[in-house]
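Common to both upcoming complexes is chain A, partnered first by chain B, then by chain C.
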Partner chain A sequence: MVRALRNNVGFLYVLPALAFVGFFVLWPLLQLGYLSLTDTSLLGGGQFIGLENYIKAFEDKKFWQALGFTARYTVFITPLLMGLGFALALLTSPNRRLQQITRGIIFLPVVIGIGSSSLLWFWLFDQQVGLFNKFLVDIGLLAEPAVWFTKADMGLLAVTISITWKVIGFGMLLFVAGIQSINGEIGEAALIDGGNYWQRVWYIILPLSLRVILLTTLISVIGSMLAFDQFYIMTGGNPRGQTFTAVYSIYQSSFISFKLGYGAALSIILTAIILVFSSLQVILSNRSPSQ
Partner chain B sequence: MPSSWRAALAAAAMSVVVVVPGTAFAETLSLWARASSSNAAQHMIDLWNASHDDKIELTTIPDNQMVTKLATSVQAGDVPDLISFDLIFMPDFMKAGFLTDLTATLSTDPNQAKVAKAFRDLATYDGKLYGTGFTPDVSILVYNKDLFKKAGLDPESPPKTIAQLQEYATKIKQAVPDAYGYYFSGSCGGCNIFTQAPMMWGSGATLLPTSGDAPAMEGPGVKEVLTMLKQMWDAKVIPESAEADTGANFMATFETGTIGMQGSGGFAISLLKANHPDMDFGIAPLPGLAEGQASSFVGGDVIAIPTGAKHAELATQFIQWQLTDEAQLEGLAKNLILPSRSDLADNKYFQEEPRYITTAQAVGIGQTPYAFHFNDMVNADQSPWLTMLQTAIFDGDIDGAIEGAREAMRAIAAE
Partner chain C sequence: MTAIAEASTRSRVAEHVSRAAGESRPVRYIIAAVCIGVSTIMLAPLVLSFLASIKAPDEARASPPSYLPHSFSLESYAKVFEYQAGLWTYLSNSLLVAALTIVICLGLAVPAGYGLARFRMRFKELWFILLLAPLMIPYQALLIPLYLNFSKVGLANSHLGLAMVHAILQLPFSIYLMRNSFESIPRELEEAAKVDGSSSWQTLRSIFLPLAVPGIVTVALFAFIASWNEFLSALIFMNKETSFTVPIMLVSVRTGRLGSIDWGALQAGVILSILPCVLIYLLLQKYYVAGFLNGAVK
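For the complex of A and B:
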């Protein structure tokens, strides 16, 4: 009886947070769920149509192509962000004097809005006035300025470069925090045992950073699955819709075709997919060894 | 100020209102305009505000957010008094019941009869008028006279048919290898309905269907224009960057001075004069299959009153006022902006710049497609219109592209 009462008091403490989540997360999600069961248009109206939007979505080749591209982008950029983030965390560690400066410079693009940075890179990649092309021509890697957005792979590469520049500092910071939380005595013991730098990285730092690696992967996967601004600004979904992402597809359905109900159904499908990935990673994270 | 004084002043003010019948406080009306036409709207507003007690305040809305903003504001019951938006959305908005019926006022206004036909047609639904022309723009052919001279072409004789356009573009490419004969934004549906479609319908084609069984992409001009563009693409008369241009470089490429000709809008005149005062460029109507079939796309903004506007009566007065000679000439033409009334195309302010007269006259001969779901059919990134252009020009399957667009457009129109 006393124990139950104590639990109830505990419940009261989290009530404000629960109310906040309920009002700002669960309620809109429920509204979205209902919207997905109607044929509501941006121009008004809307009838309950059951699962029709979902049936239509599963037959919608453009949406599945967009989802496929989103998955490809995620698979392409995530290892890159992980590897580079980890490498930068290691590279900026040894020299304490330069540490803050180099980390500060690498982190700087994180504070720039994604729209601004995408626009910046859009013009840097421009065939006629882009500095990136000029640089590649000057160092002899290109014979003439390239048109970056006429091929899906080139567009994907261009966006990947811009996003890597934009967010790599954040990944680096997470890895730095992870590395710094490793008990120094373990490293010292390895040093006494004669382990060289790479052996310490491979056998100590990397395994003990597993939780950070899983967390960074989770953030990267969710961010990539929700990619929109960078493709909207840089590739415009081109060529021929080959660089449409899932969110771009939802935006098109909702605000260009005015089909809010259908857009809501696509959003729910994407949310479900992201939930599956997130759950898997959370489970893996809970099973991973901690120090 | 002591509170007793304030009370006395308030009572005095109230007594003036009571004693003098008809006394009213000046109102402030709100007008939303999309960003690309807000400059023109501001000129009109400044002119009105200078001579009226009731003032108008402009709110600029990003172009791509206008539909969302209006739709949500109407549904929330919190709308501006006036709204200026892309005329192409007029059919969808009228059908959705977003706009106030202005038939009683506009149908008896003699100035309304002089407004460009395209605006009058687009603003009519079920025999009722819901708006009128405000700040038009129209598509034209812009060409680089220096490149014409280098190619041995007469800079005062722009192409009058699409065959001539192809011939001139090819000559420019041959004479100046670093330059290109023609340019278009190959990944921008809106840019191309504005600049390529007039070459088709000027020759007699019917493009966008109004219902599921209406004609779509039919008649002379469709296949011929696509064939011309494909041949120019194959011959590299058009730069490679055109394929990926979503409209971001719609004018920027021409501004480099390496493009012989391209479809553009009347806005190009002011833009080029301001940014490239040394560039020698000409303006001409967009040609059709045969001489005399020139046409254009009448774009720009209509003005209307959203349903539920608080000052609908005053807003109607503004709409009528902006059609007067004074507003059209002093608010628009004086600022080198096209008037929406065709009868004022040749006005005193355009005399020094004949290119404006050519452009203003194009408003009179131009068309605007009357279509519901225009965004879906044309503006969307994988719209049937854009897919048709890309499949025909870049892949070379012209017949398949037309047939595919026809089916997809009818399916959209049937919704």
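For the complex of A and C:
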């Protein structure tokens, strides 16, 4: 006994963390699966009803709309973040003083809470007092301050602008790390071969950043598929639930309409979708680093 | 972290390359102008919000708004401090949850990282994968069963319960980082301690912990910021107004009383809520960026 214990000293150190993950992640995940097969309400109770919740979810236009809206947000924002992030990384990757300061400033909003940044932009976009709205009028892009959050497309655009501001530094920094670790000797070789700046970007930096680009894309896709805070705070799902995201509709079903069982089924569906992307991410990050 | 150091020496080569590439003076000026332009765009929302927070409340709600304040007043801050249960209550709630999150994360990740880095054990790979599994599962989906379980044992609406949810978010990154910190410590130090006859626990305390301080700081830093900023679970779990965290309190400022929003107080609240994060980032940028790259890419 004592000897078995001594041989497993290492395991004793790992055990508390394993127990925590078991209690707070794996067990709840199993419970979630079971809940999704019941008609449990927020107040408790609940009967086993088989796959009824899933059938209901499949026929639920609102949930499909929320999933569709989430997908639209994702395909809208991800290329934007990647493109801008890569451009900003090219701009700021040389380690000169001005570039370093710019990099630090671009990254700053990443550390701010998404709640705070959404409230900040909620104010900036306001029709009466919003300074961004006023700015758009002052530079002639709008004839008069717009009402952003009562139309689905305008709301989506406003959220996209605010989130781009908030997370652009995230992608930029990953790309900077990628670029800085490749373009030394190879860049020099290209220089000797007589490549100009854009040729070096296109033929050397871009192909060698491919792994970082893919990884960042997946992180962005997973993040946007799980969007909630920004829409809760800025659009409130308006108009008529058209800006509900998947997480928003789970929140709405479970904690506003009290239908936990149904919310659990929606969560399982979303988890399955996310699992596909996160396994891709794990596979990609586990492959030996390209550099 | 060595990768980053290496990257910066290599990029000196890159710099040399771009200079030798005949980056002419006008090009350099254009690049500088773009850098300054981008920085201005990124800083503008924060600066405007700060300026709005120090306007007199009448001016803060004026339409059309002014970019620069014509008046200076701390009234909006005074108002947000008196809002509902008082901002001190919400700040201390947020601080308490963040502190508990840090304690839970370090309490679990330091031993786990030590165990994974320094001991042979059966099924080690399996344990490691299980510990990283939360990365694959969106915590948003776990909130329903967690809410039910916490209600049963009286952890719903409690700061400890919320901290546990926040710890779930940060634990995989924390364990990963601690394992790497412990792995990078040379083996000879451990051998010496063993010869002196100290137990693994003593070795951890006297030899490994002091050397793992950068990793510990990074874990604490990220746990603090994640917890301070987290929104959804605080929204769901905290039902009593007096136990709200800062982000949830701010949303109720936004909703306003009688449908009118106190814009000045809202911006004062926004500024106060981002201040700790910005200060931490400015003071500990090195740890932050290294930890960030470590967490994101691997």
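We take it that the second predicted complex is superposed on the first by the 249 of 291 C-alpha atoms of A that agree within 3 Å, B and C clash if a C-alpha of one lies under 4 Å from a C-alpha of the other, contacts with A are read in each partner's own complex, and residues count from 1 in each chain.
Keep in mind that, in the parts below, a contact is a pair of C-beta atoms (placed from the backbone, for glycine too) under 8 Å apart; a residue touches a chain by one contact, two chains touch by 3 or more.
For clarity, every value in this text was computed on a predicted model and none was experimentally measured.
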item	value
Contacts of A:215 with chain B and chain C, given as first, second, both or neither	second
First (chain B), second (chain C), both or neither touched by A:173	second
First, second, both or neither for A:147, with chain B first and chain C second	first
Chain B versus chain C as contact partner of A:238, first or second or both or neither	first
A:62 touches, of chain B and chain C: first, second, both or neither?	first
Partner chain(s) touched by A:258 [first = chain B, second = chain C, both, neither]	first
Comparing the two partners chain B and chain C, which touches a greater set of residues in chain A	C
Touched partner set for A:121, first chain B, second chain C, both or neither	second
Chain B and chain C contact sites that coincide on chain A, given as residue numbers	44, 122, 126, 128, 255
Of all residues in chain A, those that touch chain B in their complex	41-44, 62, 122, 126-128, 147-150, 235-241, 244, 252, 255-258
Interface residues, chain B side, partner chain A - complex	64, 67-68, 71, 74-75, 92-93, 95-98, 187, 240-241, 243-244, 246, 248-249, 252-253, 256, 373, 375-376, 379-382, 387, 390
Contact set on chain A toward chain C in their complex	8-14, 16-18, 20-21, 24-29, 31-32, 35, 40, 44, 88, 91-96, 98-99, 101-102, 104-117, 119-124, 126, 128-132, 134, 145, 165, 170, 173-174, 177, 180-181, 183-185, 187-188, 191, 196-197, 212, 215, 219, 226, 228-229, 232-233, 247, 250-251, 254-255, 260, 263-264, 267-268, 270-271, 274-275, 278-279, 282, 285, 291
Footprint of chain A on chain C - complex, ascending	3-4, 6-8, 10-18, 20-21, 23, 31-32, 34-36, 38-39, 42-43, 45-46, 48-49, 52, 60-65, 67, 104, 107-109, 111-112, 114-116, 118-122, 124, 127, 130-131, 133-138, 140-142, 144-149, 164-165, 167-168, 171, 175, 200, 225, 228-232, 235-236, 247, 250-251, 254, 263, 266-267, 269-270, 273-274, 277-278, 280-281, 285, 288-289, 292-293, 296-298
